[in-house]
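Structures are listed in the sections that come next.
Next come two complexes built around chain A: one with chain B, the other with chain C.
Let's look at the complex of A and B:
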């Protein structure tokens, strides 16, 4: 999510609520006889407010699951998740009297801190990375369709090669005209056996494994400069009319490189959620237990 | 003829759209499965953790913090304090397990704040003695607790004689100590000037030159009888008692907080004898009460009768006094008259000189001719509403706090009781910090009105009940089967 001017109202409201909470906390901390404590009335108000904000932030996942519900726009929920979730952190700290506590409360504060840190990191990533992906990944596709697109690219490369090795005549390869002279025009091109073997070998050893293996970041063809050199060498093996086949293979490899890059960016962009979401879930569960036990012994 | 495969990539919109599965979003993705898996794993780990604690009957994970030093030995047994008690009976099964006052009072005595006058409702124990703050001392109550009433006590108790507006201990937040103010208003009944006794060479009755030290007259109660008082009455037997042996060793400040009260026989008699007549060598024994004072004429009469019996020639000597009126009286012709005359002169001398030298006297009381001596008002504890330990301040010289005037003007009333400014010189920080000693209310004052004569406290718990373990001594006595 891009944090732009449309967030201004959320930022201002969050800052205002934070300042209000801070003033309330300072008054309570300095005037309360035994200092701040989670069990005091102001402490319970801070704790309750913080927990409600956490519940609201967690409700985003429910909102996503049931996107047809008419309970506000997804972007509004996302902004609320970001800013009110962030506000829950100081509120919970005020509840705890600016300490990390002991036992379960220590675990809760630690989990909350990790949730907030990963959330802020995730927000920063989502702010900067989409633009980076647009710049660096020319042929971006739907992330969850990458495997399918990759298979498609491999088939496409195979079919290009098939067109090249069809032995239609004893004099050489009969290939379609590279340039459209007129409909159904063909050109007879003689490709030496050595060149054919070299081309086939390059395809079988390099291009095909590269296309069939997702995330082949260490492959020669994943490096754009080395790939360019590789295909330039291949072009020297074939006569001019066959070069569009090599161009096609290079284009396929470029697209595959984009897919791999997109995969990597996507993982960076979303990996934090594997920490953020489960810990947030755990936080809500343990937070509820903490509330019940604190009321029991408080 | 078969269709010729393309020699170059054909990327049309139709071809591109054919690449995608349009229902891809309906199924779960690997990423979401991982996320759900982690959620479940963490939830299971947390439940196993909490379940393990529950199975082991440990509830300390729900504790808000470690307990105070005094409670640490049963700190893992939450149920000792967190229990509902009704009339001393532990209630089992309820949801609420708040630490009640009754739980505190099952181990502790806690007298009321004050037994006289109107008192606001006593706060709960835990509102002042806040637990789960780490290994702190629970008696060290926050100043705010005391100041909530004492900052404006008139609102709580209109007829109070205690300072009504105390806001702390710094600067003018705390009024001057009441005994100091009282001493300034009313001069002490004993007229004594330290400057006349300290720092000069004085002569004892034995004509020895001495320079007095503070400890010659002032000692902690516990040390009062361990060695002779240097300037005690000459014929007073030594009251030296043996020092307690190591097996009776007690706390270092035990009975060393307060100083003994000076008395004539122990501190003054070595230099100041109570002579009453130039003819009689004896000195008087110092009266300890007004009853003893009233008995003095009889003692004097007895001493003079003894003297005239042994020295009948004294009747022929012309009495010479420095009092002109007495010189005009005719010389006595018989022993009785002589004794009466001598007694009257001695009483006059004692009343006008000897007693007055140290005591404040009330007007002569008719027939006896002897003055009424004002009570000295000496008390071992000057500040009855505060606690002070000389032993705790042993590193500081006496003169640092008990400042006496070095002028030789003995008419100036002595003010040796240290005022609040003396204490504030060091005690100027809460909590204690570098360069500042603690000055919380608890340091000098006590909330509970402890009665030294209070009744024995009926203890309720055994060590096993509190700690949840069996004693080592019991284990040692348990012998394996068959062993004799």
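Let's look at the complex of A and C:
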């Protein structure tokens, strides 16, 4: 989510609530004889408020799951998730008296910290990366379609090479005749055997393996500069009318590179969720256990 | 005979003793038809190109051989003895001509399976009707022994090759009216017949079952086996025979009415009941059988005055009741006195009320153009009306005779009002308008057809009678639409008043319906402004104003990336799904929400055109000019909310998907359970409910059952927005 001026109200309200909680905490910390404690009434209020905010933040995933529910726009839920989720961190800290505690409490504080840190990292990634993807990935497609599109690209490259068919012992390409005497006239432009073999070898050894493997980040053709030089060399092997075939292959490799880049960006943009979401649910479960244990046996 | 300078534009001919003057190039058939002289024909119908293959329309022109009236054009006769002699003398019904026709009919009847399927079902086989009229029902020639067979592979149309007379009406209808090019002629001599694609059975060809060939067929060679199910909530469905007995349906094919059974219902309205209200959208029109209908505009029409906001403390504190000093909306005052509404009525702006009586068609503008109704229609007395779907109205209006009756009514009753409603022409005298009436030409422009191009030499002045004219001007970034001129507007005068060259391109709005214009030749226009200096002065004032506005406009648009904006049709959109790629995390929540809202089938694809940092997702844009609405069964409608939706009468032909230039309509297969009536229609008997797969077109309906489209509502990152073309342009500017 892009954090812009439209978040101002959320930021101000969150800051105000934080200041209120901080004042409350300072009053309570200085006035209570034994110092702040999670089991005290103010401590329980802080803990309860923090847990409710965590529950609210977790409910975003349920909201996403049932998109037909008309229970508020997802954007509002997301903003609430971001800012109220963040506010839950100081509240829980105030509940814990600014200490990490021991045993389950320590584990809970540690998990909460990781959840908050991954959440903030995720928010930062979501703030910057969409623009980066837009700028750097020219030919973007739907993430789940990348494999399919790459297969299509590989087939397209194959068919381009097939268009350079072998006639007797020579490679050649049927191209539109230079002189338009007949509308559909074509001319066979012949490649030397050496050029044909070199072209096929370059395709089999470099282009085809690059196109058939998703990622292939270490491949020569993944580097745009080296790829450009590679195709420039190939062009010198063939006569002018056949060069569009090389241009086509280069364009296919460029698109494949874009898709690989998109794939990598997409993973970076979403990988943090693999840590954030399970830990958040673990936190809720353990937090519930902690509450029951503390209230029942504390 | 009229001349413009030295150029002859009209010719005179005498048909069966009746002297007729028509424009050069008019066919004998059309000349006779417009003057009520019937000439029988089988291979020709009014809305397709005549080819003259059946020769039934042969007439005696006193030349070497009889001429086919449908293709023989009347040209000036340079060899006539005296200038006052007619250019052509024609006999349409002499003994010899009738004998020739009888022979032709006997030859055709020798091959015709009498009575054919159509004659058995609807009794309107044109061949058998003519044969009976000419006494050729029994042919002296031997009948064909081997039948040419039937093609029963189409679930909708039965092809009886034996009844085909090779008139090619179906071939031309398929190609010219529907642009489908599925039917052609195959074989030679005795084996000649019609074929689908490259000789495939009709059911496995690329035929979309639009039915146009069937409506065009004059015999029982192409007949319907089922009817399209049209459902009206109220009204009594009309039988084909009852409809064909009405004057208004005289020229409509019985096949067509039978295929569209239920598309016309008879309804009774009590005095005070509403047919429709202003602003509502509908896909039906009404034809009055009995009673009177009041039509009026209920929206208050007044010029809005707004005070200039100065923003100072004192101006904010000033009472809103004080007089406005500065007038910022002067340009909105168009000074119109009349507005053209449904049913060809022109209502005065100060009291926008009118009435229609028996024989009038109303509601057709909204029905044909998918625009919201411009008036409210209420029964003034108890009424009996026929309510009909768009395809029926379209068929009625294709008929030249029907249109010419409307044209005649227009010239007699409405032209004067049409001219007078514009303050520019208010000083024209009645005598001049009467003289003009015989000089104007009523022209019909096909959708998308160019009337004139920017830079063309001006030769006429036009009034828009019905439909919209698109005015575009070429500029550096591409073509810019200056205006859509509605009925009642006029154009073409700037060039006639200026340097003689048109400053903009005018074309019929690329929509589903034709545009009707009144064309006043340049000479007549110049005569008018010479005789009426006040008209000249008013027009000159308007012209000067246009020139000034145009210069300002051109200065404003120079920095807008117009080419892409216009070529991609974004300006046409009423609801673009725009994703701000700076916000979008590609989480696909919009797609998932769409699928959840529509039975698991998404109606949007998060891919498409990129403009700057925005992605225009592939999802229905609800265009102002929805090309998809050219539906053979009228299954696509514009709702009251102006959203475009596809109803259950969709036959899955894919015409809409093909017509959508943006690929926003998809065809999906749905599992359904068919019950008694549907099964009976498919010939499967009434027995049991049966599961079947139905192919149906789907497009975004903006989740009209919910308050907001799900895709936008479910986007957590504030990236998805539904905006109009103009709003999107503003977003781009920011």
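Here is the rule we use: the second predicted complex is superposed on the first by the 280 of 298 C-alpha atoms of A that agree within 3 Å, B and C clash if a C-alpha of one lies under 4 Å from a C-alpha of the other, contacts with A are read in each partner's own complex, and residues count from 1 in each chain.
Going forward, a residue touches a chain if its C-beta (ideal position, glycine included) is under 8 Å from a C-beta of that chain, and two chains touch if they have at least 3 such contacts.
The structure presented is a predicted model; accordingly, all values stated were derived computationally and were not measured.
In the superposed three-chain model, the partner touching more residues of chain A is B, compared with the other of chain B and chain C. Using the contact criterion defined above for the overlaid structures, shared-chain residue A:247 touches chain B, although it does not reach chain C. Of the two partner chains, chain C is the only one touched by A:269; chain B is not. Contact with chain B, but none with chain C, is seen for A:162 once the two complexes are overlaid on the shared chain. Once the two complexes are laid over each other on the shared chain, residue contacts for A:64 go to chain C alone; chain B is not touched.
By the touch criterion defined above, A:142 reaches both chain B and chain C.
Residue contacts after overlaying the shared chain place A:34 against chain B, while chain C stays out of touching range.
In the superposition on chain A, A:285 makes contact with chain B only, not with chain C. Using the contact criterion defined above for the overlaid structures, shared-chain residue A:126 touches chain C, although it does not reach chain B. Contact with chain B, but none with chain C, is seen for A:105 once the two complexes are overlaid on the shared chain. Overlap of the chain B and chain C contact sets on chain A: residues 141-142, 144, 270. By the touch criterion given at the top, residues 580-589, 592-593, 596-597, 605-607, 613, 706-708, 710, 713-719 of chain C touch chain A in their complex.
Put simply, chain A touches chain C in their complex at residues 1-2, 6, 60, 64, 66-68, 70, 73-75, 77-78, 126, 129-131, 133-134, 141-144, 266, 269-270.
The residues of chain A lying in touch with chain B in their complex are 32-35, 37-39, 101-105, 141-142, 144-145, 148-149, 152, 156, 159-160, 162-164, 166, 175-176, 178, 186, 242, 244-245, 247-248, 251-252, 270, 273-274, 277-279, 281-282, 285-286, 289-290, 293-294, 296-298. Across the complex, chain B meets chain A through its residues 4-9, 19-21, 24-25, 29, 31, 34-35, 38-39, 41-43, 46, 50, 59-66, 78, 82, 95-99, 127-128, 130, 132, 142, 144-145, 148.
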